[in-house]
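In this document, chain identifiers A, B, C and D correspond to the written order of the chains, with residue numbering beginning at 1 in each.
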Amino acid sequence: MYNFRTDYTEGAHPRILQVLIETNLEQEEGYGEDRFSMQAIDLIKEKIGQPDAAVHLLTGGTQTNLTAISAFLRPHEAAIAASTGHIFTHETGAIEATGHKVLAVNTGDGKLNPSLIKQVLDEHTDEHMVKPKLVYISNSTEIGTIYKKSELQDLSNFCRGQNLILYMDGARLGSALCSKENDLELSDLPGLVDAFYIGGTKNGALLGEALVICRDSLKEDFRFHIKQKGGLLAKGRVLGIQFLELFRDHLFFDLAAHANKMAELLKTELSQLGIQFLTESPSNQIFPILPNAAISELQKNYGFHVWEKVDQDHSAIRLVTSWATKEQAVKGFVEDFKKFNV
Amino acid sequence: MYNFRTDYTEGAHPRILQVLIETNLEQEEGYGEDRFSMQAIDLIKEKIGQPDAAVHLLTGGTQTNLTAISAFLRPHEAAIAASTGHIFTHETGAIEATGHKVLAVNTGDGKLNPSLIKQVLDEHTDEHMVKPKLVYISNSTEIGTIYKKSELQDLSNFCRGQNLILYMDGARLGSALCSKENDLELSDLPGLVDAFYIGGTKNGALLGEALVICRDSLKEDFRFHIKQKGGLLAKGRVLGIQFLELFRDHLFFDLAAHANKMAELLKTELSQLGIQFLTESPSNQIFPILPNAAISELQKNYGFHVWEKVDQDHSAIRLVTSWATKEQAVKGFVEDFKKFNV
Amino acid sequence: MYNFRTDYTEGAHPRILQVLIETNLEQEEGYGEDRFSMQAIDLIKEKIGQPDAAVHLLTGGTQTNLTAISAFLRPHEAAIAASTGHIFTHETGAIEATGHKVLAVNTGDGKLNPSLIKQVLDEHTDEHMVKPKLVYISNSTEIGTIYKKSELQDLSNFCRGQNLILYMDGARLGSALCSKENDLELSDLPGLVDAFYIGGTKNGALLGEALVICRDSLKEDFRFHIKQKGGLLAKGRVLGIQFLELFRDHLFFDLAAHANKMAELLKTELSQLGIQFLTESPSNQIFPILPNAAISELQKNYGFHVWEKVDQDHSAIRLVTSWATKEQAVKGFVEDFKKFNV
Amino acid sequence: MYNFRTDYTEGAHPRILQVLIETNLEQEEGYGEDRFSMQAIDLIKEKIGQPDAAVHLLTGGTQTNLTAISAFLRPHEAAIAASTGHIFTHETGAIEATGHKVLAVNTGDGKLNPSLIKQVLDEHTDEHMVKPKLVYISNSTEIGTIYKKSELQDLSNFCRGQNLILYMDGARLGSALCSKENDLELSDLPGLVDAFYIGGTKNGALLGEALVICRDSLKEDFRFHIKQKGGLLAKGRVLGIQFLELFRDHLFFDLAAHANKMAELLKTELSQLGIQFLTESPSNQIFPILPNAAISELQKNYGFHVWEKVDQDHSAIRLVTSWATKEQAVKGFVEDFKKFNV
């Protein structure tokens, strides 16, 4: 059984474990005030070219989203998200649990744009409705698509014009930035969004997300919010050490590039067999539409999500690759598929 | 500079890191449904002698407290805690952020008892006041004291009689259970409290607390709450692996015993020098009262909290030992103190 | 300028003001424990034929909805509502502000049914999503439609089978029950829903809604929730006196019948002029589709909401009648419309 | 049985009922946008000499406190209150239910001062604790005392220096301002506090409190918060009409002066009999310390709270007077007391 179910089926990249061991007995301050976290934060600021950014290391994606969004909004303000957005569908109402409505927008491709947001703004006219204030986007999105620089620039201009906060969930930012179709640099982000996070968990870390707050007015007292929401690890060094290793050189990007390469290989091979895809994904999640019979056979040897029914005889499945995906497994999957797809 | 500031200044016990490495490339389900977590949970149930308990692995103490307490209470219900209780003083209002008041009770020794709780109940007579519903205790307490079995039995009887939920914060449960003065077994707890957690972070893990829910009516849907509050790690294996190692044999208890031994050593040596202590602590936190001049000198070479002013010339400091504390450092501290304590 | 904008443009029915004056100097207990409130509650229990129901008098609809729903749900549980539902669209995220997601369902007619709810349940499969637990319906709905007894019976059976709480927002329950097409009795409701409220504000009271909790498990400690959410009036007599007068005889129903009669008159007259309606409303809100030019002219003399654009030249408007609507004004509106509708 | 239990045992002053009747059939906008509310708001701004203040009419004290405080604070910020403060003791955790801790301070007289607040600030040093941000005071206090102008000026200066929000609960502001010992004008308040409310319910209205927001940064979007918290009455005219009548001339002050006069009479008469008082109250709540035997007898004919036990044979009771208290009843109480106090 080989698992293409998620990008967090294995542990951490071995280099990360190695430094955990090497630094293990050094005595450090707690709660993220250790030297590793401080260095990792400085390194991230350097990589994004923003010495004034506020960078915080948190444990996971939902934790980061709920802490940031609840810290940024006043009680009557709401987030706008694609209806496929992680905060709308797969975080157990975590944002609502902090008191804020998430306004969902249907999109074909999981991406928001000024026109879609404008519709939401136009519908919210007075104090009997929530006040849309934050735009939540994911890059790559939950269905594998990515934002082009021009799309993000348009969104950014629109949000600034409307005094909206633009927040990017980067659980899979590595994969987005290393996509063949990507034209964004990590260092472009502070100029475009008000806050974003760099996902570690889905790109080779044991756990950890690095939240970057770019807009000054959102920075104040942020550590209070992390602590209050339960996200301040006593041994914050665990997060610091990992991000330090991921960004010390190109490891973060190398891992994402490998994941994308494996997804690309799957896509190319399946395409050559005439397979269609549910979404145009250039990142590490792909959604091939396969005959149900073949899916049943493949499930005997491979783990993956059956995403949605497409027609009577076909369904889209989700295949996710990661830094740890083996080329051999990808090839095996394709070979097996050929056998079952008669 | 040697640090006695906390019990989370070092990383994890080497055995834990070792198994993280050994298991690193095994593919596992996410979100705590991996085999390691399942095994760790089964092992904990076995150790506490409660096959029906619900056990969940969470990231940290505040996360565990806020998730459990908000899951257990209805909106108008409140927690009762000692005024030294961690949820009252050092969690940035995390419980209140979930909507619940914490009713603080002054105690001399950081411990609650039926009489103190009864006073709170007597004051809360109608719907203009919150309804006290959960009793929060820590063992060991924030000032190093521990609950004797008879004390806990009294509390337990009282809470059951009053239909109160009895919840034990076990961030330092290891140290409490391995204290010389302790007469409780881990397996006694399910018969005495409704829920408790076994602290990993402060006893040799990188991170992780194991919440044990004993009362049936509190178990339902608990994973929803963990996810909603941001505490469900994608790579839940990280927690499972650690608790599996801690409880595979006696490691959990060995580490706590070492910490206590080091604290005992400090206490004995300082007592012999005529030093008094702020609290009667038989666990890994001690609070010697030292001359301010000596404190200033010691701060040059040792990290510790100055806890409170005792008189014009003396203050209590907090010294915390851990699984990683070196006997040599303890002896060095005492020697240095002798030099400065003229 | 005559106003068809809402059913709360005038004050209270004169009989209500009269008893406010007559009872004004009687000394009463505060916070709803006065004799008038007690009598009103007993009277309502009698009218609904449910001596065991718990009845509470609250100030307004949003207050009632948020207090009840937050009291009934645990933190991870969500409400299901039509996308036109008041809690989803026009209460400024009040339910989310108490921590609960509202799952919206598109309907043609503003009404939920088992099939629509089942779709929501089917999509919510695990702890990464909220748990749908309460079904919120309005009768009459926000677009004037009403539930037939058989429809409500189906909903009720389904909800019981799925262990869902069925809650009815009765801001305009009077109008629904007095509709020509209605086949429900007030006394049917306790057998069909778990809780509902009888709207006073929109049916002749100055303010006030009577919440009826039928399911035993939802009754406990409810006054704590009212107080905590700010809904417990010091001079609760104001609410008691009004409901006592509304239900002392047939006043509540007479007022609603008048409102419906005025709406019916508008509908009949406009229909005879060939006007179509956006919804099939048999209650006190109707939505005629008028030429934009006529709308502009009518706005000079009449207040009403322009509800939505229908085509290039037509829009639906909302006309609301009430206990205080004058037949003369209705006839005047129709006459004026004829003038402008050339 | 005559009731001295509260100042809300009767209905409204007859003049208020009279205008409710006179204006009853005028058609008005809903949700506080009616002409009466607008005029009342303008009148209040004029009376306080602050054309730029934001004034909102709400239904009750708890509603006002929770709406204002939750609107003013960010999630990690806390309110400081006297331990006798209404929000700490008698609002069922309403502030905590919106997510904010209330930090209680013991005082002898129910009043806060810079020194007491400074202690709280000094104890809150970092992100592991909430951030004290709002100072909640009541005038008159819950134990009948009032703030002198100089005391309020000191508090105001201190709060501004510390960037704290100073908020005054004025449920009984009328009584405070009409006290013999008072040296504050209503128009002094905008210069001293950031927000306060003028209590109507306890001074002759059926219901209603007028919140005045003086600090610009606290004004934005406030109506969203009122609506979200359930406090926006559909027939807002009910509030507008009442405040318009209360402030049209001196009615508001006349009613409070009468209440004070009756309390003063009670105090003078009881003092002459050698009775001591629990607090030095110059307002409409007094706390005489009476023999338990006399209390038992008085309870047969008079309603009042037994406030606290003073010694074996004596308890303090609370007597509250209002605009409606009859001089004859006061005299009767004293006469009866003489009989029982042998």
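Quick note on the criterion: a residue touches a chain if its C-beta (ideal position, glycine included) is under 8 Å from a C-beta of that chain, and two chains touch if they have at least 3 such contacts.
Remember, it's a predicted structure, so these values are computed and weren't measured experimentally.
Of all chains, the one whose CA centroid is most distant from that of subunit B is C. In terms of C-beta pairs in contact, A-B outnumbers the other of B-D and A-B. Note on chain placement: the centre of subunit B and the centre of subunit D lie 42 Å apart, centres being C-alpha means.
Averaging Cα coordinates per chain places subunit A and subunit D 50 Å apart.
Inter-chain spacing, taken between the CA centroids of subunit A and subunit B, is 34 Å.
Residue positions 75-76, 91-93, 97-99, 127-128, 130, 224, 227-228, 232 of subunit A each touch two or more of the other chains. Subunit A contributes residues 1-3, 5-6, 8-12, 14, 17, 20-21, 23-30, 59-67, 91-94, 97, 201-202, 206-207, 224, 227-235, 237-238, 303, 324 to its touches with subunit B in the complex. Against subunit A, the residues of subunit C that register as touching in their complex are 75-76, 78, 89-93, 96-102, 127-130. Residues of subunit D touching subunit A in their complex: 31, 70-71, 74-76, 98-99, 127-128, 130-131, 221, 223-228, 232.
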